[in-house]
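Note that the chains are named A, B, C and D in the order they appear, and that numbering of residues resets to 1 at the start of each chain.
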Amino acid sequence: MRVGMLTGGGDCPGLNAVIRGAVRKGVSTYGHEFVGFRDGWRGPLDNDTITLDINAVRGILPRGGTILGSSRTNPFAIENGVERIKDNLAANGCDALIAIGGEDTLGVATKLADLGVNVVGVPKTIDNDLSGTDFTFGFDTAVNIAMEAIDRLHTTAESHHRVLVVEVMGRHAGWIALHAGLAGGANIILIPERPFDIDKVCAQVESRFATHYSPIIVVSEGAVPADGGSMSLVSGQKDAFGHVRLGGIGDRLASEIEQRTGQEARAVVLGHIQRGGTPTAFDRWLATRFGLHAIQAVHEGDFGKMVALRGTDIERVPLSEGTKELKVVRPELYEEAEVLFG
Amino acid sequence: MRVGMLTGGGDCPGLNAVIRGAVRKGVSTYGHEFVGFRDGWRGPLDNDTITLDINAVRGILPRGGTILGSSRTNPFAIENGVERIKDNLAANGCDALIAIGGEDTLGVATKLADLGVNVVGVPKTIDNDLSGTDFTFGFDTAVNIAMEAIDRLHTTAESHHRVLVVEVMGRHAGWIALHAGLAGGANIILIPERPFDIDKVCAQVESRFATHYSPIIVVSEGAVPADGGSMSLVSGQKDAFGHVRLGGIGDRLASEIEQRTGQEARAVVLGHIQRGGTPTAFDRWLATRFGLHAIQAVHEGDFGKMVALRGTDIERVPLSEGTKELKVVRPELYEEAEVLFG
Amino acid sequence: MRVGMLTGGGDCPGLNAVIRGAVRKGVSTYGHEFVGFRDGWRGPLDNDTITLDINAVRGILPRGGTILGSSRTNPFAIENGVERIKDNLAANGCDALIAIGGEDTLGVATKLADLGVNVVGVPKTIDNDLSGTDFTFGFDTAVNIAMEAIDRLHTTAESHHRVLVVEVMGRHAGWIALHAGLAGGANIILIPERPFDIDKVCAQVESRFATHYSPIIVVSEGAVPADGGSMSLVSGQKDAFGHVRLGGIGDRLASEIEQRTGQEARAVVLGHIQRGGTPTAFDRWLATRFGLHAIQAVHEGDFGKMVALRGTDIERVPLSEGTKELKVVRPELYEEAEVLFG
Amino acid sequence: MRVGMLTGGGDCPGLNAVIRGAVRKGVSTYGHEFVGFRDGWRGPLDNDTITLDINAVRGILPRGGTILGSSRTNPFAIENGVERIKDNLAANGCDALIAIGGEDTLGVATKLADLGVNVVGVPKTIDNDLSGTDFTFGFDTAVNIAMEAIDRLHTTAESHHRVLVVEVMGRHAGWIALHAGLAGGANIILIPERPFDIDKVCAQVESRFATHYSPIIVVSEGAVPADGGSMSLVSGQKDAFGHVRLGGIGDRLASEIEQRTGQEARAVVLGHIQRGGTPTAFDRWLATRFGLHAIQAVHEGDFGKMVALRGTDIERVPLSEGTKELKVVRPELYEEAEVLFG
């Protein structure tokens, strides 16, 4: 049996662990052969392949990124895209395909499965916002990186009596902000699920300074003010040379707080360092197991499914379940954390 | 309401996060007051207390160890132990007690609950071998430290064509070895649940060298040979000065492999560095939530229970459930990992 | 003898190690007493002091920031500033003052020394741009944090075929960029001492992609284009919500490269995380020794000096030497590194 | 010009950075070709070579170990060893050889240079005990790993009122113990240069407990008691299963302290994790520069020399200078640190 594999969307620590787990078990237990498709769906569209055997996966467990490369190519937006994929799978003798990716990649996989392609999915999102699984790999790594940054910023906040705003990933769901903020002892956490009240935020900042401590605010990149108009769109924050820094919500929030409270405020935008580098033990464990179970599903011919973590077990759920709705932070979880603010 | 709190047994990254979570929510949400008892059950036995308020828990979230101190004192092994505990709880006006600990501490808590003491338990074991909860805090930190050590040892193993044996914690259960070994890409993992065959281990070592790679073996401190007599009890390994190093299973295994295969073998015993230091994000999140939910159980008068992680939820289970049997590595989990050996 | 101590300017990992080293040796070897002045020169101006004894410095060695607080207050810009400082030193019975800080703080210390105040200086700059000393503490920590970020970004750059621009600290000197870029294997390093040619940078980017690898560019915050007019001032980079991000040199460079080469480019601005958190071993060693030697200088009455690292020795140099000129990256050091670009 | 390269002795973080630096500059600046010899002097003895070009050194900068492999083979202990080396260098067209290694490797290089081989040396010792250079690469990494372990152990020592003994590398020189102990805030540091008085150590332990704090002792593997007979040779420390652990100085010291003071004492032997894994920024910077300057020496025909760090400069010294005497910790440096004990 020959199995194709691809990785789509943004990179995530653990992608290589999935690939390695599937290949090692596929080769040694089932006698499978593998075809690596480059750069997400672009690979099977353009028949761009690489060798994917035991040697190719040696030493990649601790490495971030993906040896297969990635892209955001959508075959349904391309003329004859589906046919080209089917043809190239056939040309490579692939009886099955493992698609590792997020909402977009798994959405394509779901449609291809409906069109008769033998697909097994592996859910991937650094934001942890895919349904059907307790956690996705990469998330724990991102949370730890963000937490370590918050740990580092505490001393600067205290030493300079400054507000520090830390912008973390999370466009539609606040999981990284919630977990990293909780773990880092942030004083305020703002997430997309809860439009924030800038007046209340400023009141919390002032109350924190009143007790002689400096506040750290963790904000998801997708967090928004409750009343969009109440915050100025353009940041007035200046860099070392007097250039205006105009930015995302982190910069805008710091600027707004500084203007309203008179307290010095600075933003730190963690950006790409959250998604690169070596995965944590949790992510290597989860991703490796996802790979092992995905190839087992292939072996058993259980297509149209994706692997998922439930408690400590890896289970299979319909591919469509992962993407049918966004997994957002439930109000009670946020309120649980809110007790620790201030 | 006044609530006593104590931590018993070996220290674990996250203990302070539990304490902080309970105190902050207890004070701010319920108006509780707290009494910290020092050094596990020795505190309420000897009426040795410390102040435990908002100031006392400030800044402790990222710190390993426990601000309450710990011990292995067992009040049931001490004359009038139970009476002394009841008297001292009363003397301090404590209506309830939060006991944070492992098998021994929770065993005592269970018996005290049966004797009418208002106890809520928080499960703690670095070995992750308590039943009733998916994970315990501290375990993820230990696994990451062990994994980082394995990551480091890979290059030495390769550069010197040497067998490296890494001894990790786990007296009765192999969770740390399994997770760290899997995450670190170990070539062999030996756990207490599976007495190992030294002949088979040596064959795997030789097979690994045959492919020009050096093996890394991760072994739980409690792992044992299938036939105890087949391995010499005394290690012949010598240190830099020719002194014989006689040791635990790691040293003995390295010595045995060297004698049998003729390949140079060295042991690294990670020991206490696995249980000290700042907790990972997962452990801070889990421990903080344990603290929040433990104090909520106290507030609701739901005694004789311990908090537990199930999937992503914190639930309450009877105190006795955590200690009624050891949670060991199931055979199918070990076999899943075994595919990756070699 | 009573000795005052203060920390001025931006915080730096190692400040607490200096304070601890000086206090422990001062108390135990010389029988000194200490007075901590809060928030740089504001402390002796306003007579704002804190207790500074053995207990106050316990446990601070691994902590970033400064227990004394900091500010950028300049007493020479304040009416009767010098008199107030002299009066408050006298009021506290201080026979000597240890001033820990950078160009501004040491500049004030130099003038005060000329006016008869018994000052010993300890050089501090995260940018490593003070003369008279081989290295300053905090620099090694900043370089390691930046290097780890670059390590993490390599995999993302490769997986997405993207240019990644990493903006690090360094307003006037490129030491952090040079060391972190060299250690992180950056493909291009841009520093303030060498105005860069944007055409050449883009050519290097294209040449790197031609070999199928993605470039990582490390740029000091103070780097400037050789011909300021050749780069557009305003970045066109947009965040997740389509808001224009207008930024410092990192953002502007990424935007310019993307426009000129057509290659996707992203900037990561490390900002404050470079200066917070626990110091590296080198910085703890250097800072502790600075503290030990500063109090020895006080004890010997050798005022008007600052401590400095020369090779592996701590020496004393005139206070004025540290600030008389900026220590910039010499051309031959940059050219040495340039060999590794591409 | 063709240049041979080899790495001998124990592995050290930074070896790959030296190799990469030399190859990249040699190829791009001078047009050199390289021949990699495997496993130290065994390579040129057995004519065991590997390809060493730009591709071979790609991505190795952050990796520990050595891509060339290592051994402790001594050609002067082998019949016709020198002739075989000369013949194989000639057979490979090597006009020069870069030998990267410690006392043994450089000792051989020195003799070969005297016999007319064109050798340039690069000093390597994790123990930092080679003369002629301020620091060797790998040392900073080892010190940071040991410091982080000490940081972690502090909380366990406190929580359990226990003595913790940390055994670090250093057979003949106590540099790692001194630097890591100083940086980690150890309470006692014992080094080979200063035979220790066990009575005094126990008195310090008791004095530390008297102030309600638990002591951490850092000891070099080569430290010895002042009167060898005063300490029992065999440790009585038992592992979880009651097996006697008989060990090096760390285990023996812990056992002795426990017996003499009645305080619980545990040893942690860091061992190989100190020499594996990714190098720190300092070590990557130093090792890379050593590589760049070694190949420059080759290019200039300046043979019989080794590169060395002096302050912030890389200089060349006679090969014999590195090995003529061991660089040990000077008494005044130890006494400087001693002030911080207790």
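Note that in this section a residue touches a chain if its C-beta (ideal position, glycine included) is under 8 Å from a C-beta of that chain, and two chains touch if they have at least 3 such contacts.
According to UniProt, the chain labels map to these proteins: A, B, C, D = Pyrophosphate--fructose 6-phosphate 1-phosphotransferase.
Every value quoted in this text rests on a predicted model; they were computed, and no experiment measured them.
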Next item on the list: Please state whether A-B or A-C has more C-beta contact pairs across its interface.
Entry: A-C
Next item on the list: Pick same or different for copies chain B and chain D, depending on whether their interface residues overlap by over half.
Entry: same
Check: Taking each chain's centre as the mean of its CA atoms, which one is farthest from the centre of chain C?
Finding: B
Check: How far is the middle of chain A from the middle of chain D, if each middle is the mean of its Cα atoms, in Å?
Finding: 40
Note to self: Taking the mean of the CA coordinates per chain, how far is chain A from chain C in Å?
What the structure shows: 33
Checklist line | Centroid spacing, where centroids are CA-atom means, of chain A and chain B in whole angstrom | finding: 30
Check: Out of chain D, which residues touch more than one other chain, so two or more?
Finding: 151
Next item on the list: So, with touch as defined above, which chain pairs make the list?
Entry: A-B, A-C, B-D, C-D
Check: Which of the residues in chain C come into contact with chain D in the complex?
Finding: 21, 24-25, 28-29, 61-62, 134-135, 140, 143-144, 147, 151, 179-180, 182-183, 185, 278, 280-282, 284-285, 288-289, 292, 310-312, 336, 339-340
Item checked: Residue ranges of chain A touching chain C (in the complex, touch as defined) -> 10-11, 15, 63-66, 69-71, 145, 148-149, 151-156, 158-161, 164, 171, 221-222, 233, 239-241, 243-248, 266-273, 275-278
